[in-house]
Amino acid sequence: MYNSRKIIIGLVIFVLVAAFPFFINVGKTAQPLQLSLNTPTINQLEKKECIESADYMRANHMRMLNEWRDQVVREGNTVYTSSSGQKYEMSLENNCFQCHSNKSNFCDSCHTYSQVDPYCWDCHNGTKGAGLKQ
Amino acid sequence: MNRRDFLKVIAAAGIGGIVVMEGLDDFRVEAAEMNKDSNALQAKHWGMVIDISKFQKPEDIQRVANACHQYHNVPDIKDPKHEVKWIWKEDFEHAFAEMESKYLSEKIKTMNFPVLCNHCEEPMCVRVCPTKATFKRPDGIVVMDYHRCIGCRYCMAGCPYGARSFNFIDPRPHIGMMNHDYPTRAIGVVEKCTMCVERLNKGLKPICVEVSRGGIIFGDLNDPNSEVRKVLRSNFAIRRKAELGTGPSVYYVIGGDEEGA
Amino acid sequence: MKVWFSLLAVIILALTAWVGVEILHLNTLFGIIIPYTAIAVFIGGFIIRVVRWGKSPVPFCITTTCGQQQSLPWIKQNKIENPTNTWGVIWRMVLEVTLFRSLFRNTKTEKIEDKLVFGSAQWLWFGSLVFHWSMLIILLRHLRFFLNPVPGLIIGLESLDSFLQIGVPLLYITDVLLVAALTYLFLRRVMIPNIKYISQIADYFPVLLLLGIAASGILGRYVYGVDVAAVKELTMSLVSFKPTTSTTIGTIFYIHIFLVSSLAVYFPCSKLMHAGGIFLSPTRNLANNSRIERYINPWNYEVEKHHYSEYEDEFRDKMRKVGLPLEKE
Amino acid sequence: MAKLPKKDELLQHKFDVPKTDWMDTPVEFKPGTYCYGAKAKNLEIVNFPNARDWSPEDEDWKLPEDWKGTIIEGISDYMSKYRSFRLFMDVCVRCGACADKCHFYMGTGDPKNMPVLRAELMRSIYKRYFTTSGKVFGRLAGARDLTEDVIKEWWYYFFQCTECRRCSVFCPYGIDQAEITIMGRELLNLLGLNTDWISGPVANCYIKGNHVGMEPQAIMSNIEFMIDDIETITGKRINPSFNRKGAEILFVAPSGDLFAEPGIFTCMGYLMLFEQLGLDYTMSTYASEGGNFGFFTSNEMAKRLNAKIYAEAKRLGVKWILGGECGHMWRLVNQYMDTWNGPADFLEEPISPITGTKFENAKSTKMVHITEFTADLIYHNKLKLDPSRNDHLRITYHDSCNTSRGMGLLEEPRYIINKVCNNFFEMPEETIREKTLCCGSGSGLNAGENMELRLRGGFPRANAVKYVQENHGVNVLANICALDRASFPSLMDYWVPGVEVMGVHELVANALVMDGEIERTLDLRCEPLPEKGVKSDV
Amino acid sequence: MAELKVGDRILLLDEDGFLDNAADWDEEVAHVLATTEEVELTQEHWDIINYLREYYAEFGVAPMVRKMLKDTGKKQSEIYTLFPSGPGKGACKIAGLPKPTGCV
Amino acid sequence: MLEKVLYGSKRYYTWIVFLMIIIIFGFTAYLEQFNTGLGITGMSRDVTWGLYISQFTFMVGVAASAVMVAIPYYLHDHKTFGPIVILGEFLAVAAVIVCMLFILCDMGQPTRFLNIVLHPTPNSVMFWDMCVLLGYLLLNLIIGWTILGADKKGISAPHWTKVLTYIAIPWAVSIHTVTAFLYAGLPGRYYWLTAIMAGRFLASAFAAGPALLIILCLILRKYTSFKTSKEAIQSLAVIVTYAMIANVFFFLLEVFTAFYSNIPGHMAALQYLFVGLNGHNNLVPFMWTAAILAFLGIGLLLVPSMRRNEKVLTIALAAVFIAAWLDKGIGLVLAGFVPNSFERVTEYIPSSTELAIVLGVYAIGFLILTILYKMVVAVREQSMVEH
């Protein structure tokens, strides 16, 4: 190979960049995401289920909340009938946070893990124990 | 490629996209139903009559204001330039400047008026808002969608009542006792009295009405049998800057049982 | 025809992933085996291609000079467009690679009656710049799936990219820019007769594949709502070589990574290798200093020449007649 | 020879594309757009393969038995020798930025003259025989079989490229169509496919030392003739030296300057300048050619012809070499000569004997461009100049492709022109400096039989000259290239009548006030100089 | 390759009608070549042709046009009147000289 | 054409660097405002709009003024304006961008600025203002760019540019009219609640804009090869003269209406501006300066001999421009909030951060203007290059 020094340096940089995630994670164990459901309200529940299936909620809670927001604020609709027929108030404070009162161990841990930073918290301050986001 | 071929490609891509979307659609949960609370208070035109006789002392207004502000997490900002208020006290000559007269009785001059958003029939703030962030509900209440407000403050320029406040600074550090059942507002949005729509939705009257000890009468202005209409029938009531044609829904009854001014 | 074929190829690829996951439930194949293979092919193929180029020497110093040469001391040299040292070359390459300097020069030649006129034509430059930079930012942003904890730089980049508060989850500006730029690049290929004439499947396919990748990513994020936490669990398991599959991630995600894998495999055996090739381009990466330093051709060999002595032998009489000096009288 | 079409006929083309795919559009040999085939006798002189007499119009090109294998082997060979070739085959994304940059495309509207497509003529074969995708998918991957028609197409289009590199300036990867053309011509020469106009000069140059085929006595006679004219003009008899050992400087000019108008006026310019300086120089009848048509044939042939310059410098024992105004000569001096035939360690680093300036940029080649040399003289006030002698001229300057894109010689000639003339006007910026447009006749295309092609290829340049003629009354097209001087007169007569073609050193010598000269009444062309203060019509 | 029939000789011409082999030339050939150029040879023509032949014999190339004009005392326009294709393609061809090549 | 921007004289680069420094300075200030909120400005619950909106309002006028060159040239074939039409168009481009930036700076939630487009609200004048400004920006950019591109190619501009130019003429009027409607339709803001608002806006725009354009032409003439003819400058100066007279006249109409009718609401703002209200008199010195400069400017411009002296002309134009700026760029918006809905006076003093941001935005405007004008000068130079 000609100009091998330069080409090899370039290729090494390429490999380092292209396989960077592998290098940085080498030897580390991927920690599965742990979400805490250990709150007083949840502990008291007979059937530990959210308003929709957990899989659905994990993937779609933000879309649902977005829809709720328009329904509540703009339409004045406040009651959500879930797919199981159960009725819930469409409210973070008066519904979601009642069970998920552990913002930092539930909401935040997943948000941090997947690096999403929703602006909901700017107003909806979470639970009593969670403290305020400045 | 001529234009026709190009359109074909676009169409094909579109059809392909729809097929893919349809194929994947079962993966989404069916849209759930969302309805009004069956207990919700309903009206065609919510309005208030404020009986000034019930607000003889400044503390009377303060009590109502505190209840409202605490309930709604309205910050207590001392700097008048940045203060946020939903309901507060004004004297006659400022609240009703256009009715000012040299020979006004001392009593009226020193009277305290709770002022708040008038939930106008023709709200200027709604007319000027460029994003429909503030809008009038079918029941006549003018509300804010804080999520949509861009903070242009055109509504504040438009409102002739000074009823609107802007979050010039972060409100949270200025909230004394946080009501965790109610959200706060973000910096940079306009806010104002909402006539407690969240309470009406659940079948409750506004908080100010509840703590006013009868000083604020609340009801459907459209309903001739409603309490507000009864009061208005039997009392002379004034509205702020009615000449501007905004149609305020907040009426002031001066003197209560006594003869009006 | 070429466009249809390329479109069909992309659709088949997408359908393959859909059938594989949705019907055949080959999650392991599409979530683990194919991605691993693809990244290996990508890196390996890339290296092989570059090494293959490297095996051929650059026998001559054939810089394309786009500015004043180094000359007399009082004549200002254009040290970037006509470099004589490594720094100049580095600058030139940086401008080429990051800002597409040469493309910026682009003009449009028009024939108006019997005149040729040269107009500005920087849309291609702008479109490709937008595309490549958006692509880079999107790639960097995706590092959030591969790093735990996510570094501040990536967080900052992401929050800048989602600066506009539109939709839930927040709309990425680069998503819009990427799709817009790719659409532009595609449209110019099908709308401009000359460009269409020179275009091949190898030109349409990557654009459409990239559009497919963008579309599947955007659909996953904004429409179908892929569980990003589950995605990250999968990606983290991949990069730490302890792969696990997940059944809670929607099919659209598998389509997305299958298309990305296809691109990774396609990359080294296609024109996309221009990404590596530009660094080796001898008209750009050489200094114009071959009058200052001797440039060596490794395969330089002796050639047959017509020497002066032969010349003189042939023309001696004639030279003598006109009084030219001779070696041999 | 084909009849020359009228102007509006030549201008009928549009920049559009045929209905059929380019692979299905066969090459059409249109008289006037290609050169005659190389003659057997010329190929034989330089020992080239498959020497035979043939014509491109023939159905049978008399290709050697295993021509296909030869080509494929050739491609493989050049791939392993030239990174540029392999890379440029691989990385093109067909963005089309080069498409409308080619003067032949601008002048013919033939899509195969878009550099990208001209490269694709070769790339399609490369794909077919050297890439997996091409082998498997064939035409879907843009590949095609190598047939005789492909060879004919190559020959037509690779001799329809002047290797001017304008496309390379605009290509985001620096893909240089010239490199691909060079490879294409190398491959064609393996089959004995060259043009008469290139192979003739190559053979001439190899034996007689210059393209024109001037034997030593012919050169001397021409010089004698010029000296007579110089005497008529200046009253001074000058005495240049030839083949003189021990001179300080060997001067090498393109042979066109020794033979034909208007090149000879430039040559007279050199001679007058050197005489005035009292320069210790000599010229060579053996290395009497700066240009190198070998470069338009094959790398090896170019090296064979180029070798004479250093060999002669060594034989004569000069200190360094001065090169005249020539285009491709300077691309070769800059980019190839030292690599081919160096190191020139028998020479010294060039220093101007007049100003003492060391030519740092020629440290290794030891060869200085005459405009570098003259600009340095003028900068140091070593020349007495009377620019008003050129006041009747309104001048624009054409950058030669090779000196601008293969060297970067842009300011030196401009500096000189501005010092020896009072009326200088630039052509539009997209047509000068590194974006300069070719004369349309470079790289061995300035034959007579392909005049239509030359006029078409030169149209963009002529168009720019016309612009300055209309706007500034320009009547002189100055240049530093023998090929320009050979090709522009007919081009200008056709497209922009009234514009004369002059080498920069003709202008220099016109303005040069020589010691002891008579009052000049004639310019170098022996035309009467206008009276002082009289300006030409604008 | 084109051919020229001169008497019973068959001579080879190149594409432009120049003699392929300069040694083939004689006066008879010149006359036939002149007919291809539609020129009737007169003494004036012969002066030029003879001059070119002599020059070519001595120098191996055609003379520079300028030199030819000077040596023959003719103006360029006169040459064109005699040889409508010009000094190179007309006069040189009839005189049996080869085409000039290179950067000229 | 963009490449022209990259090559320039030392003076050009110095100017660019200078602007960049101010921009960075302004941007830093903006970041501070972005992070801490609009509380960092001098605005308040009562004076909800400050310098940002007032500068926006003023710059809409500057943008609209391009029409004062376009009308004579396109509608009345006033040939001397030919070379400077494009300067007017590019001035409009820079001015509209400045306008948009000021709006953005004024937003409490700038990240949501696209909500105006995503939730179009035809009943809001601000929505229409966004539409007309955006349209005007595109019109001028497309027209200017195409004409310049054609200039560069040495051909005449395509016909559709002419169509766009004709559209742009009423459009220019519309941007300032709609901007006037922003104010003129609000109940309770008596200083703004006047039918002549749009007229005043246009008159002051047609004075201040061309005044700036002439000054720019004079600067270009001094420092570049772009030489605007004396006739063009004089014609434009006449336009400035009469526009300024109209502007002052319209203002006096307001004064008459307010004081003859003696309606307190209509008088209050004028009193506040010129004599102070309830002891608040921050703007009084500015307004008197404006009044004096306005009359000075008109006086100098009206006398032909003085107008023809380009030194005097420059002073007169500067006086007119500053007067218009003080009147519209400060007084008009601020006084509209005085007194407030409760008959109280809150005064507004911009904070240093606010001023820094304003400076930064203007610097961006100048940068854009410089870049655009640089292209114009370079393209025009190319067609008359002479060494």
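By letter and in written order, the chains are A, B, C, D, E and F; residue numbering begins at 1 in each of them.
In the analysis below, contacts are C-beta pairs under 8 Å (C-beta built on N, C-alpha and C of every residue); 3 or more make two chains touch, one makes a residue touch a chain.
If you're wondering where the values come from, they're calculated on a predicted model, not measured in any experiment.
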#### Entry: For subunit D and subunit E, chains touching each
none
#### Entry: Furthest chain, CA centroid comparison against subunit E
B
### Message
If I average the Cα coordinates per chain and compare with the overall Cα mean, which chain comes out closest?
### Response
C
### Query
Pick the pair with more C-beta contacts: C-D or D-F?
C-D
### Query
Which chain has its C-alpha centre farthest away from the C-alpha centre of subunit D?
B
### Task
Could you give the separation in Å between the centres of subunit A and subunit F, each centre being the mean of its C-alpha atoms?
48
## Note on the structure
When centres are defined as mean Cα positions, the distance from subunit C to subunit E in whole Å is 59
## Note on the structure
When centres are defined as mean Cα positions, the distance from subunit E to subunit F in whole Å is 79
### Message
Suppose each chain is reduced to the average of its Cα coordinates; what separation in Å results between subunit B and subunit F?
### Response
37
### Message
Multi-chain contacts only, two chains or more: what residues does subunit A have there?
### Response
2, 60, 119
### Query
Of all residues in subunit F, which are in touch with two or more distinct other chains?
109, 112-113, 118, 154
### Message
Give me the residue numbers in subunit B that touch at least two other chains, ranges are fine.
### Response
28, 170, 186-187
### Partner subunit B, residues of subunit F touching it in the complex
36-39, 41, 43-46, 48-49, 103, 106-110, 112-113, 115-116, 118-119, 121, 123-127, 130, 182, 185-189, 336-337, 340-344, 346
#### Entry: List of subunit F residues in touch with subunit D within their complex
154, 382-383, 385-387
### Query
In their complex, what parts of subunit B are in touch with subunit F?
80-83, 90, 93-95, 97, 124, 126-133, 148-154, 156-162, 165-170, 186-190, 241, 244-246
### Task
Can you check the complex and tell me which residues of subunit A touch subunit B?
52-53, 56, 60, 67-69, 71-83, 89-90, 92-94, 97, 119, 122-125, 127-128, 132, 134
### Query
Which positions of subunit A touch subunit C when the two form their complex?
1-4, 7, 10-11, 14-15, 18-22, 24-33, 55, 58-60, 62-63, 65-66, 110, 112-119
